[in-house]
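The two complexes that follow have chain A in common; it is paired with chain B in the first and with chain C in the second.
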Partner chain A sequence: MARSRAQLSDIGESRVAWAGHLRHLAMGILKPSAAVGLALLIGAGVIWAMGEDPIFAYQTLFNGAFKGAGNFVATLQYTTPLLFTGLAVSFAFRAGVANIGVEGQMLFGALAAGIVGYTISAPHFLHVALAMIAAAVAGAVWAFIPAILRARLGVNELVVCLMLNPIALLLTGYFSSYPLKAPGPTNKTYDILASAQLQQFTNSAQLNTGFILALVLLAVFWVIENRTGKGYEWKLVGQNPLFARYGGIGVQKSIIGAFLVSGMVAGLAGAEQVLGVYRAFYNGFSPGYGFDGIAVAMLAKNSPIGVAFAALLLGALNSGGIVMQMMTSVTRDLVKMLEAVIILLLAADFAITSFKARRKVAKAGTAGKSIGGGQA
Partner chain B sequence: MVNSVEMRGIVKKFGTLAANNNVDFSAGKGEVHALVGENGAGKTTLMNILYGVIAPDEGSIQIDDRKVHIGNPAVAIGLGIGMVHQHFKLVPSLSVAENIVLGSEPGSRGFFDRLAAMRQVAELADRFALAIDPMATVQDLPVGLQQRVEILKMLYREAKILILDEPTAVLTPQETEELFRTVRNLTSDGKTVIFITHKLNEVMKVSDRVSVMRAGRMVATLNTSEISAAQLAEKMVGRSVLFQVQKQPSEPKEVLLEVKDLRVMSNRGLEAVRGVSLQVRAGEIVGLAGVQGNGQDELVEVLAGLRRSTAGDVLLRGSSSKDFNPRQVREAGVAYIPSDRIKVGLSLDAAIWENMLLGYHATREFNRGGLLDVGKATSFARELISRFDIRGAQVGAPVKSLSGGNQQKVVLAREFSHGRRVIIADQPSRGVDIGAIEFIHKQLVAMRDRGCGVFLISADLDEIFSLSDRILVIFHGEIMGELAARDATVEEVGRLMAGVNRRGGDVIG
Partner chain C sequence: MNTRRLALVVLLVLVAMLAITGVGAAKAIRVAMVTSESGLGDRSFNDMMHQGFQRAEKDFGIKFNVIQPKSISEFKSTLARASEQGFDLIIGSSFDMIDPMKEVARMYPKQKFALIDVGPDPIASNVVSTVTKDWEGSFLVGAIAARTTKTGTIGFVGGKDIPIIHRFFIGYYYGAKMINPDVKVLESYSGTFTDPATGKEYTLALINRGSDINFAVAGATSAGVIDAAKQTKTFAIGVDSNQNYLAPGFVLTSMMKRIDNQAYDIIKLVVDGKFKGGTVLTYGLKEKGVDYAMDKYNKGLISDSTLKLVEELREKVIAGKIVVPNYFELKPGQKTMGQPPIDSPLN
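Let's turn to the complex of A and B:
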């Protein structure tokens, strides 16, 4: 009798566990979708207040993003840099590293790719590969500054990254405006050689093989995060560094490693823009792809698959927004507003969840005590 | 005696856990009343109720024989109740005087009268003989003086009842002496001081009366002069045998773990472990008894590779493991059950299989050239789930979906696999239900019988007595004595826990 009751409660408990698991998954998709829906609703209110028809405006935006091959290619072109930067940020977030310095790491990656693109000559594949490697290394080097400060001295990486971003913008701006400036009216480096160019798919748009590379990279990172020992370590350090340390994982090493890998991906984002789109490093070419990467990572809940969809969404909003601006009196700024509202909603949800979790821990904490001497 | 505080029938439940279970508490005017008990006994909950931070589910409170309802701390302050928390609530960049008057600043028409504040604070400090510079910046002050600022802040608000929550936890011995002097000054001025602590020598030294809490209940309230520290220790850790684990007499074999004259510093830079030596042999369970905060945490952290020692050595099967990191400790065959499974022993958001894999994820068994064999890891986890009877566990579900007892079984399952020989079990059954306690105890005995050496650290005398083959008692970072479990008595262990040695001499510093 007692046995059967135990078994019954067993089934009950496992049902609860599974239900919780499914709910967790559903929430992962539902919450970002709800944030997007709510943002569109608020946007509709703004459009209506401007005296425009929200349905027509959204229709032109949607058609501008997806209707016809030309529009769709443009959307993918906008999506490509966000795939890289979104992946860079989400990978770091998952490892417990708030790398919001992707913008700066991307700029140095771009500059490095631009320099290698015109200073050496090599066969096509080798030249592209060398430029990409240079970009990855440059991104990692710039990421090493917040990494070492956080791991060794416990300096908050958010602050360091925020301050390094404008420094990167101004430094790369200086190089492309003075010592490395190509003759002519614009502040840019020399055009890269044809052998370093990433192949564009069509004559009318700049979508290039960098897009394919981004998709491959997403797949590779899915494997790294879910199927390798390193990915396992990064995830645990991100979730609970005390637990990771107790299990023999080097927490400082893990943090530095995650920062460097994230910086490499950020560097590749810059390489794609220089080798595939602009064919030279232009001062201030980025409209803030690194920052949009933060939005992508938040929408994606830090999963590579999520990054693909979130980047596509933001890419579509941006490319459709241009068409909407041409067809209606609603300007592209609406898209920036939508992005901001989405982030705000997701951040508010995150704040509420972590607040709840902290209260839970505080309550449960009466039964436990902390272990001293924790690192980083 | 006039009671300035009287709490009756206080009940407070968090979920199913009764943090306060029908507690009566009273403190007289002008007395120092010590409130003692282990961590989690419900002391802080009770005082948070008195201070209006937590609302009780049941019960009534009287202040100066008047029934009151304390809905929030502002009401408590209005009633003359002040609380100094373990973590100070001061503004580090402001001056002492500014901190003290903050919230009820002198001045008029919205302007702050800094001079008046300085003068008032200086007068207040003078009146209670609490020397302090009102113009000093708080962040420049040593911890003892910061605490003094907190106390002055309460006095500035004319508190008659002061609650000090583990006030000595952050103090040096000299600062502690100063604090005791202050406390006596306050009571001679007619104030009531409620002193929360789990250090027995402080109770004996400073209090007039003492109330003992255990597992949410008030066990006893006594005059301090009528009880010894040893009796107090016994009351604190209790003796409520629920079951006895069946075990054969031990057959100790070779020494697996040896600690030689180990010295360890605490986070505060004080010597927490002061020359501890001990041995754990294969096939025996050695229990380390002691009131919490007597160096157990620091000792265990060194054994686990989480903290560095300053002197002495730790030998694993005869070879030194000094300055090993946690990975090296693991590879040397040490299993470690940390006292806090939520913060250290598990990652609640990670899946059960991921929690069970920790420490083995880099071994050839589960990792080939950097690639994780997830299939093997999950089937390994499934095997452990059935072997350790972890109820309601799906390998892919997060650990937080399990109950406390089943979470602890996940820790045990992981640590007891892969043939570890030395087991360090720190409070292995804290906060789990009785069924899980029994299971955990049986597992520990089974590991002993399989030839492991088990080092059990527990503040619970029941656990120590029912599992140990030998009992060591730690007090103030030193081993006070060693007893064979079969002829040890609770009274004797209690005496040693309170720092009184066998000859009856008092070694309290």
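Let's turn to the complex of A and C:
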């Protein structure tokens, strides 16, 4: 019955580790929640200044997002693309690469899925799988440009990604307006075949099986990031590339790998929209899902579980915002404002933390120097 | 005692009924305006429609909410959820909303819908839709251009090379050729509805080829067409809303689409209890759905004799003596880029 000393100390250590985990988790939940709460408070002030009742406005917003099956399904529809793009961004952030080119990678993924969706014919599952693979590959190809520039030449990926986004928008726009345009008044490609369609759950909204795929993907990434050696390598490179290099990890390879995986997930975001929502590639269909993914990743503190909640939050705000617009004179732009305030607050928190850390290092540095000076 | 009691009860019931009817009379008709993707503030289509709602609010005491979807994927769920909010009428616009509204209208057969500025096919049994005969308005401004040009060459700058825009061109071409079979009509498409700089380049190219009046049918790109006219001291013709004020003296006129009237009229149908789903309303010259703009900014630019002639043309179109060809009803092969699209009406 009696446990050995070693076993007991093991338990003790794991207890300490768990306490650390819990504290980490608590801060990870507390800070974003505080940011959301503060943003809602500021939003309430704005609504009040517009001459509307903030409580009623928020009530319609909440009910519009969650009350009744129709509203809830619509909320999940808004959430789905953010699950994909949020995961793509957060995975890259965790590995130390700022892939803010998810928007462009998603557009190419969408176009590829759209083309495969109508050009080939295959049994349902195979067709969907092929379209998804094409989308993932297309997203990865577009992500390869900033990846190779960063890894080989040290070019800042933020700048490259930012410039590649409009190029992707215009290029896919060109393809869907001219060489691949289906006849008719709108600039879109031909409708995909029925065998490539993702099943929609209801008639009133376009929520489809892509939502389930997103959840599965989140679970897979949680396992990769927390339970595999590769995931640990990526995390290490993200936290301290120098240390990782001394530890024998190929940093360049790791950067390229992280970029490609992130691009693949971004491409799948496009596939879900084309195969599940639109059933064709529409020129400029995205209202900025790739950019919203950045907000999701920041809110989620780069964890897949966090992504699920953060995407649901933004999805609910966007979905409820539509109903709020129907019942009050508060426009939907309020939701965009709330998002912006949340991001600002989180960014400010990040800046303060890193500023504090730097001051600590600087203090330790000067202390060391004075001791050294005394010795000399 | 009993009769007294009865009287009291009757009185109470009457008062209660009065109160109910009073409430009923005070309940305003609620209308939803679902914008197309570009939303409010586009200084063109959606803003024009919004004016119609504001006018209806003033005249009929209706209440309205503006709902602004941010992408085409939101149209369906937005229309479906608006149908749950007890609106008396939901008005949308644009070709992209046809399919979403068709499906949602079937799901909510008791909800009244309207779809503005779409094709001639009925949408559903509870939807009133409208067609704007912009080709008739383009016909008149084409005639004005052909009468006013000094070089004998006029131009057309479309936003994109798509059927809806060809519809304007055919009307413009037909009007110009009817007035003067020898006039040259140059056709070009800038490829964008949002870039004035590109619009300006295309217009300057047309001007280099001898055109001195250019019709802009290109959304926000039109501003560049007008800018080019100002720079080269030639004329531009505006579109959708009255754009004469953008460059006084250089905008010959504007081909206005009165989207505001369409929204106003359909709201009036609901107010009067005359709304009949499944009908398609046409807005041509006859219904004052299209017109050319005359105001203080283009005063004196068009000669009186031209105006007189154009008014005669208008009467003939309204009377059905002239049928302006509609692009969607042309025979195959009648419209290819760079070719005269149709025979000159005088032949």
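Assume the second predicted complex is superposed on the first by the 339 of 376 C-alpha atoms of A that agree within 3 Å, B and C clash if a C-alpha of one lies under 4 Å from a C-alpha of the other, contacts with A are read in each partner's own complex, and residues count from 1 in each chain.
Criterion: a contact is a pair of C-beta atoms (placed from the backbone, for glycine too) under 8 Å apart; a residue touches a chain by one contact, two chains touch by 3 or more.
This one's a predicted model, so the numbers in the text were calculated from it and none came from an experiment.
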Inset, instruction - State whether A:V307 touches chain B only (first), chain C only (second), both chains, or neither. - result: neither
Inset, instruction - Could you look at A:Y246 and tell me whether it touches chain B, chain C, both or neither (first, second, both, neither)? - result: first
Inset, instruction - Could you figure out whether chain B or chain C reaches more residues of chain A? - result: B
Inset, instruction - Would you check which partner chain A:I115 touches, where first means chain B only, second means chain C only, and both and neither mean what they say? - result: neither
Inset, instruction - Considering only the touch criterion stated at the top, classify A:M132 as touching first (chain B), second (chain C), both, or neither. - result: neither
Legend entry - Which of chain B and chain C A:A316 touches, first, second, both or neither: neither
Legend entry - First (chain B), second (chain C), both or neither touched by A:Q273: second
Inset, instruction - Check whether A:Q325 is in contact with chain B, with chain C, with both or with neither, and answer first, second, both or neither. - result: second
Inset, instruction - Identify the partner contact of A:N187: answer first if only chain B is touched, second if only chain C is, both if each is, neither if none is. - result: second
Inset, instruction - Return the residues of chain A at which the contacts from chain B and from chain C coincide. - result: none
Inset, instruction - Report the residues of chain B in contact with chain A in the complex, numbered from low to high. - result: 14-15, 17, 19, 39-40, 44-45, 266-267, 297-298, 301, 304, 306-307, 325-331, 336, 338-350, 354, 357-359, 361-362, 367, 370-372, 374, 391-394, 396-398, 401-404, 430-431
Inset, instruction - Report the residues of chain C in contact with chain A in the complex, numbered from low to high. - result: 32, 65-74, 76-78, 80-82, 84-85, 87, 95-96, 103-104, 107, 160, 162-164, 191
Legend entry - Partner chain B, residues of chain A touching it in the complex: 6, 9-10, 12-14, 16-18, 20-21, 24, 226-233, 235-236, 239-240, 242-250, 361, 363-373
Inset, instruction - Please give the residue numbers of chain A that touch chain C in the complex, ascending. - result: 64, 68, 70-71, 74, 77, 177, 184-187, 203-206, 273, 277-278, 282, 285-287, 322-323, 325-327, 329, 331-332
